[in-house]
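When the chains are written out, they are named A, B, C, D, E, F, G and H in that same order, and each has its own residue count from 1.
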Amino acid sequence: MTPDELRILLERVRQGSTPVDAAFVALERLPFSELGYAKVDHHRGLRLGFPEVVLGEGKRSEQIVGIVRRLLESGENVLVTRVSELQAAEVLKELPDLRYGSLARTLSFEHVPVVPAAGPPVAVVTAGTSDIPVAEEALETLRLCAIPAQRVFDVGVAGLHRLLGRLDVLGAAPAVIVIAGMEGALPSVVGGLVGVPVIAVPTSVGYGTAFSGLTALLGMLTSCASGVTVVNIDNGFGAAVAVVRMLRRGGAQ
Amino acid sequence: MTPDELRILLERVRQGSTPVDAAFVALERLPFSELGYAKVDHHRGLRLGFPEVVLGEGKRSEQIVGIVRRLLESGENVLVTRVSELQAAEVLKELPDLRYGSLARTLSFEHVPVVPAAGPPVAVVTAGTSDIPVAEEALETLRLCAIPAQRVFDVGVAGLHRLLGRLDVLGAAPAVIVIAGMEGALPSVVGGLVGVPVIAVPTSVGYGTAFSGLTALLGMLTSCASGVTVVNIDNGFGAAVAVVRMLRRGGAQ
Amino acid sequence: MTPDELRILLERVRQGSTPVDAAFVALERLPFSELGYAKVDHHRGLRLGFPEVVLGEGKRSEQIVGIVRRLLESGENVLVTRVSELQAAEVLKELPDLRYGSLARTLSFEHVPVVPAAGPPVAVVTAGTSDIPVAEEALETLRLCAIPAQRVFDVGVAGLHRLLGRLDVLGAAPAVIVIAGMEGALPSVVGGLVGVPVIAVPTSVGYGTAFSGLTALLGMLTSCASGVTVVNIDNGFGAAVAVVRMLRRGGAQ
Amino acid sequence: MTPDELRILLERVRQGSTPVDAAFVALERLPFSELGYAKVDHHRGLRLGFPEVVLGEGKRSEQIVGIVRRLLESGENVLVTRVSELQAAEVLKELPDLRYGSLARTLSFEHVPVVPAAGPPVAVVTAGTSDIPVAEEALETLRLCAIPAQRVFDVGVAGLHRLLGRLDVLGAAPAVIVIAGMEGALPSVVGGLVGVPVIAVPTSVGYGTAFSGLTALLGMLTSCASGVTVVNIDNGFGAAVAVVRMLRRGGAQ
Amino acid sequence: MTPDELRILLERVRQGSTPVDAAFVALERLPFSELGYAKVDHHRGLRLGFPEVVLGEGKRSEQIVGIVRRLLESGENVLVTRVSELQAAEVLKELPDLRYGSLARTLSFEHVPVVPAAGPPVAVVTAGTSDIPVAEEALETLRLCAIPAQRVFDVGVAGLHRLLGRLDVLGAAPAVIVIAGMEGALPSVVGGLVGVPVIAVPTSVGYGTAFSGLTALLGMLTSCASGVTVVNIDNGFGAAVAVVRMLRRGGAQ
Amino acid sequence: MTPDELRILLERVRQGSTPVDAAFVALERLPFSELGYAKVDHHRGLRLGFPEVVLGEGKRSEQIVGIVRRLLESGENVLVTRVSELQAAEVLKELPDLRYGSLARTLSFEHVPVVPAAGPPVAVVTAGTSDIPVAEEALETLRLCAIPAQRVFDVGVAGLHRLLGRLDVLGAAPAVIVIAGMEGALPSVVGGLVGVPVIAVPTSVGYGTAFSGLTALLGMLTSCASGVTVVNIDNGFGAAVAVVRMLRRGGAQ
Amino acid sequence: MTPDELRILLERVRQGSTPVDAAFVALERLPFSELGYAKVDHHRGLRLGFPEVVLGEGKRSEQIVGIVRRLLESGENVLVTRVSELQAAEVLKELPDLRYGSLARTLSFEHVPVVPAAGPPVAVVTAGTSDIPVAEEALETLRLCAIPAQRVFDVGVAGLHRLLGRLDVLGAAPAVIVIAGMEGALPSVVGGLVGVPVIAVPTSVGYGTAFSGLTALLGMLTSCASGVTVVNIDNGFGAAVAVVRMLRRGGAQ
Amino acid sequence: MTPDELRILLERVRQGSTPVDAAFVALERLPFSELGYAKVDHHRGLRLGFPEVVLGEGKRSEQIVGIVRRLLESGENVLVTRVSELQAAEVLKELPDLRYGSLARTLSFEHVPVVPAAGPPVAVVTAGTSDIPVAEEALETLRLCAIPAQRVFDVGVAGLHRLLGRLDVLGAAPAVIVIAGMEGALPSVVGGLVGVPVIAVPTSVGYGTAFSGLTALLGMLTSCASGVTVVNIDNGFGAAVAVVRMLRRGGAQ
């Protein structure tokens, strides 16, 4: 219920066109309708052209199909993340119009192609080639949110000159997503070189003491470069949404 | 060395007013001067009125005094974080003009009082009263960076109505810093209610399975609300600098 | 053996109607029969129509078949938990009358259908759809114990309005089982909203820092809502038995 | 706002005695007032004579004094938990009427002495004498909630006969709180012997591999006795509140 | 109650020489009397001249005094372990006849001096000098159990020749207690050199990755020498009791 | 080289019957020959009829075949532990005379059947049926060492009466191996009931907070029953060898 | 750009043969070219005949093929590490000239066979046979770097005489790589016996408390033998490169 | 006993100038004397002017005094590491000629001042000023071993230009010790820039997720720069000894 709708209802009660009992019923559950409204409003805020996002991992293929169908019927764009090749094959049998990104492990659908907004691109940086799938998940998320982005791949700290050669791109970006596994040192270096927002994504790349991303995660959280923030291991999607939150902030929302 | 300085040097070589040997010496270390320059540039970007920040923890009082003295002489504002009462007393004996915030555990000095910028305030939210010191560290950092901020304290998830009553403040903020110990659930709830950037700070508040902030940290990283980012345990300063990175981004930097 | 039965036996020995040898046999294992009795009594207390429960995980199919056969022969209802699809197929070949719940991963058999007791239902709450298998295990356990229950699914803290719309159900329940993975924040929120017993079940849902349920577990144990209790990760069965212990408490047991 | 108040307000709008604008203002924040109300209602539910509980740990003495003063002025009983001897001394200087339980580490005040309810006592069981402080915290909490309780101390599994001699007390209790450090095996044994609700409290008693209670905690969560639930390490207060939730459930609440 | 006693009792009931009521009383608590008896028997088995052992850590000095007084009055020897210097001073004020071993951190009292049994001594081996307090706790325990023992100190694997020079002592011992901190490698080496029972005690000696004894503990449990068994970190007492269990085994017990 | 041999050698040098150069060669490597000898002696000590034991896990089938062949040729009995069904099938193709115990996961061969020694049997105790494979590994090891043993299975603490009914067997055993997963409480209970050596084996049985045996391990190490010793998770073989060390100790070794 | 090239460029500017604008363009990116140069120089230093090394794990077979093709075209020798049998088969289909070492799990190619340098061989030591694959990875790396090496396998601390018999080889080596799983005690023993550089490699060999190499790792880091250094779990390649760094140090690099 | 001494002894036996009995006594402990010899030889190898090193931590002051006295009497230089200010004061009372380095926390004594060897200095690099104490421990160790060293302090990755400006020093060093706390990223960067041996020392500098050096340790072990080796947390001494092992390698040892 919007403020306007509330005012109209009260006006109708005053005029007698709505009986007190009917108004009572409409209002007694207001808290939750209102909260639902706020929630919807928030959703709208996040979602100017933004797809509904479904976490594919841990869901059965038929559950994914069901959820996606409902979203498509309501006219929304769709993004499903963390979809295995097996899941994708099963879903695509039912919903052949979806697009599967095998690197990003995403399924997506756009009713109308999303056009990237103007402005300098977000930099999506990886330390190594094995971190690319996480980067692609972030990139696909940004793409569906109409946020322009640029790949800066394979610039890990063991070959620093590769990173230093791309500083202009990083310094001009509205935000930098830095994706690294192993010891996860790259965000510290980037955060010391550029003053823009740096969102660090640890990946599960590495073996032994990499501990499936834990070492990269702890390294990033303990970064000696101030103001670097961190998301869950392999969470390219989350990093992209953090960027969406930032860039939408100044908008009409 | 700036591009202009480089061009002038080359011009002088061409004119013969600078011998090749002297130019050689000036240029052979260019990489590092240039990098130093880039670094300074970045610092300048971060530092329009921004104080040099010193981590007090693990430093001897005389070390802090020495570093602060050098900063004061170069005319910079100063912020020292994680300063114990004992350290503060020792430093204040030598540098009585510094101001000690006993809650924030910061020492600071402004040559000229910092005036907050215009615009809606950043919301600094705590789950409980024991989280306030971390919030005050963030607030002092924001204050010295001229970023307006507003306290929203003691709105933890065990008393949800307290939080819901402040949603307007949170939804209007350019960013929200959410500080919580124990199970660290507050950022998930806030991130589900507002679409603005949410930076989560786990605190070491709690006992037993709180594991000195580890539980809150893991909870925040695993948040089911998308796009929440996280900093180190008790790192109010880092969360504030992340906000500075965001808000400076669109500016003159 | 009850005290009355013991007294009767002794009386019969005195009267000569029970020979000493027969009494000796009955009594020589008394310590253990007694303890067994206490145990049986406890079992009976727990088991008014309650099935014997077998943990299927880690057992070979032929072991499950053997145990179930013995139970069926003694006329008891049967519940086998954590049964994989493969195990189920093998067991069902031998015992085709059992029912396999593929979501709950349970095998069960009722000699006579269990009729739910009267009274308000226990609320079984999940944060997300991936938590549903754990909920179904709890529900199947409650069903076989004749305890009425109600599903309140997919009401995680990232969409708080969904939970708030169901508060009436939760507040009226004799107990609430709250099942959540990822950061496990839901029990804290529920525990702050309703005063009834809240039993939290962490699930292994999530990736990266979810650490297979450890993060949810720690979050629940560290809950800022007082009086929330916790069971093992994914232990829907255990949560249901905890409810059985509570609701049987006031009964004839 | 109660349902009755809402109905009266609407009636007044209909009658014209309350203008639409005034009603609008009253209603537009209804969600949160309502939620606040629900929260208060819940509090009332939990709090028939129940004291406000303050966690003393991590608070300054003057903060404790301030909070307790406000509670006393509103006529509520008070319980402060995890209060060190130093804190207690400082608080008692300001509020000499409070009572400090040095074992339980609680400060409390009753405006009118709380009289225990009728019925069989809750059993508060400890494995060893070093677990007693945690037990006393639980007992003091139960006492202020008018719930009768009985001590069953020092009955750890290394001397099983001590426990077996008290089975009658445990089996008759409406709930059993089992408190144990070291390997935390006692709840498994108790849970296998009696069918009543068992709430396990791990304690930080022990050294080396006791890991400050972690080992006891993990053991209790992994208990082979079904339906045992667990709270945070050393959390005697939380276990007591869990019992309050159970026993209040069937009552006038 | 033995089987024979039970048969006699029943015979007497049959003959009328024991009334049913008396038999009932004798039998109704049989489980626990029996268990109690077994327990006492076990205690006696362990305790031929063996002192009651009290864990001092975590107990208040007055508690220690109370327990020791009771033991002294019943004529038993006494051993209190893990007693700090402060605790010792307070206890000795009340009980000046006790002896405090400041290295072993034990308080002990013998009514009649314990005379060591005949036979080859148990070898108590340490890797370094910092492990000696744990060794002394083991030695004091063995001494009070009349088991002869021999010190083999400071023979860690970084100076293997020291160990090899003492192999004769180790190979002749009925059991070897090997105490080591840091990486805890010594038991593997000893276990590979001698075929006698090896009980490994990790100590909290070391820093950094020693993790307060965890590394030594894990190393000992993972020993490539078969048949090495392990006790808790710093648990010299436990290792000694394990030896007592072995050596008493063949005795009159 | 024995002392006597050394004396003879020196005598021969003195007499000139052995040249200095030959004596030099014999003596310069003495340390290692001597050590090798000691080692062989130790092996003989451990190996009166004892098979060479090979850890199958992590070895290729052809490696196992090669090692076993060499052992068979030298006339030794053979025990291979932790052999998967796949490995076993491959090895049995080459060495069809070996016997595979599919529960124990062992391959073994006896040139002459091992006859158990006289005396009371070692008790091999399990908490549940899923712990049986570990028990069978211990039993097979004991069997090949000619040590009599007895199964006491499925007597976990959740059904204490089952354990209490077997106390006579446990109390008469020269040693008890107690095997338990989940919370690993059984050794504490057994250790409190009998005074014989108790060797605890944690197993990886359980899920969630069982953490693949870590919880059972920690519980056993932290046992409140004194003198219980512990081996690696699932290490039935190691527990059996610890018993061999004990029982061989008093023998001819 | 080399110093000489810089000097020539400046000379040309002075002479007017290179215009200022062209020199400006060449120099403005000097930092990164220079750094790139330093990097190349470093590579050259490490790479006198040294192959480019590719980590195969986590890469798709077609990625490996692509990278190797590029390296082959530029005339470099190639080493790919951590290549599974499946990956190897797929790569060999495309690049049949590569050699797959199935123990070492490496793919390699030499344009011209690498000839080992003169001098005493590096000792590559393993505790057990299951550690051999890690050793072979190190050996293959050393081989391609022309560093002579010698195998000293299966000399774990449980059979110390095997190690002592090889001390001459170890003491003469320019460096010793010690590879051990389980408790990882071997480097401590070796480090106490020889004064040459000891590089310890923990392996994931073992089960239970071996924790996939963590226990060996911690043991090695906590070694009581001074100056032992450690690399990642199973990282034979890294240990070999550490040796290359040492031995190249004094060379022409 | 050296080979020469052995040959002389045998010659004397042959000549009759040494009786067989005396030779027997000298030789019967040869294994251990030999081993001792090897050990001494190794010590000598390590110790050309090298002090005996004593770990002060965990030792009582009187123990330190005793050990140092014995060393001084035998004419050796002395180094005691990890000595607290309190310990130092107590030791200096007894041994006022020792020198206490309050930053390095070392006590040392040189009979004759140690003169640094010729050659380029080892670089001792720290990320921050709080890492300096660990560096000073390394430097003091190197100094007493006559190895020249150079400080390169405060060049952490958050200000990369500081490091890049010192590359010449690092590239020319025979070895680089890189000391860093927090995320420990510096060794990866250094290892990617220079080809010399890099020994990484994690420090306990940092808070929260620094976990007392664990994060830095894991990061260093997982370094993406090949051939970096790692020592224990805060172990400056160990890193220095690793360098000694390398540099002595090529020498007369």
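The rule we apply is simple: a contact is a pair of C-beta atoms (placed from the backbone, for glycine too) under 8 Å apart; a residue touches a chain by one contact, two chains touch by 3 or more.
Quick caveat: nothing in here was measured; it's all calculated off a predicted structure.
Trainee: Identify the chains adjacent to both chain C and chain F in the sense defined at the top.
Mentor: Neighbours common to chain C and chain F are D, E.
Trainee: With over half of the numbers shared counting as same, classify the chain F/chain H interface as same or different.
Mentor: same
Trainee: Determine the centre-to-centre distance between chain A and chain H, using the mean Cα coordinates as centres, and give it in whole Å.
Mentor: 50
Trainee: Using mean CA coordinates as chain centres, what's the gap between chain G and chain H in Å?
Mentor: Chain G and chain H have C-alpha centres separated by 25 Å.
Trainee: Cα centroid separation between chain C and chain H, in whole Å?
Mentor: Spacing between the chain centres: roughly 60 Å.
Trainee: Could you check chain D for residues that touch two or more other chains and list them?
Mentor: 31-32, 35, 38-39, 159-160, 164, 192-193, 208-210, 217, 221-222, 226, 232 - these are the residues of chain D that touch more than one other chain.
Trainee: Going by the touch definition at the top, which pairs of chains touch each other?
Mentor: Touching chain pairs, listed by label, are A-B, A-C, A-D, A-G, A-H, B-C, B-D, B-G, B-H, C-D, C-E, C-F, D-E, D-F, E-F, E-G, E-H, F-G, F-H, G-H.
Trainee: Would you tell me which residues of chain F are touching chain G in their complex?
Mentor: By the definition above, chain F touches chain G via 31-32, 35-36, 38-39, 55, 57-59, 63, 82, 202, 204, 213, 217, 232-235.
Trainee: Note which residues of chain G are touching chain H in the complex, please.
Mentor: For this pair, the touching residues of chain G are 35, 38-39, 42, 45-46, 53, 164, 167, 171, 174-175, 192-199, 217, 221-223, 226-232, 237-246, 248-250, 253.
Trainee: Note which residues of chain E are touching chain G in the complex, please.
Mentor: Within the complex, chain E contacts chain G at residues 127-128, 156-160, 182-185, 188-189, 191-193, 206, 208-211, 214-216, 218-226.
Trainee: Residues of chain G touching chain B in their complex?
Mentor: 3, 6-7, 10-11, 13-14, 16, 20, 23-24, 27-28, 30-32, 34-35
Trainee: If you look only at chain D, which of its residues touch chain E in the complex?
Mentor: Listed in rising order, the residues are 129-130, 159-161, 164-165, 205, 207-210.
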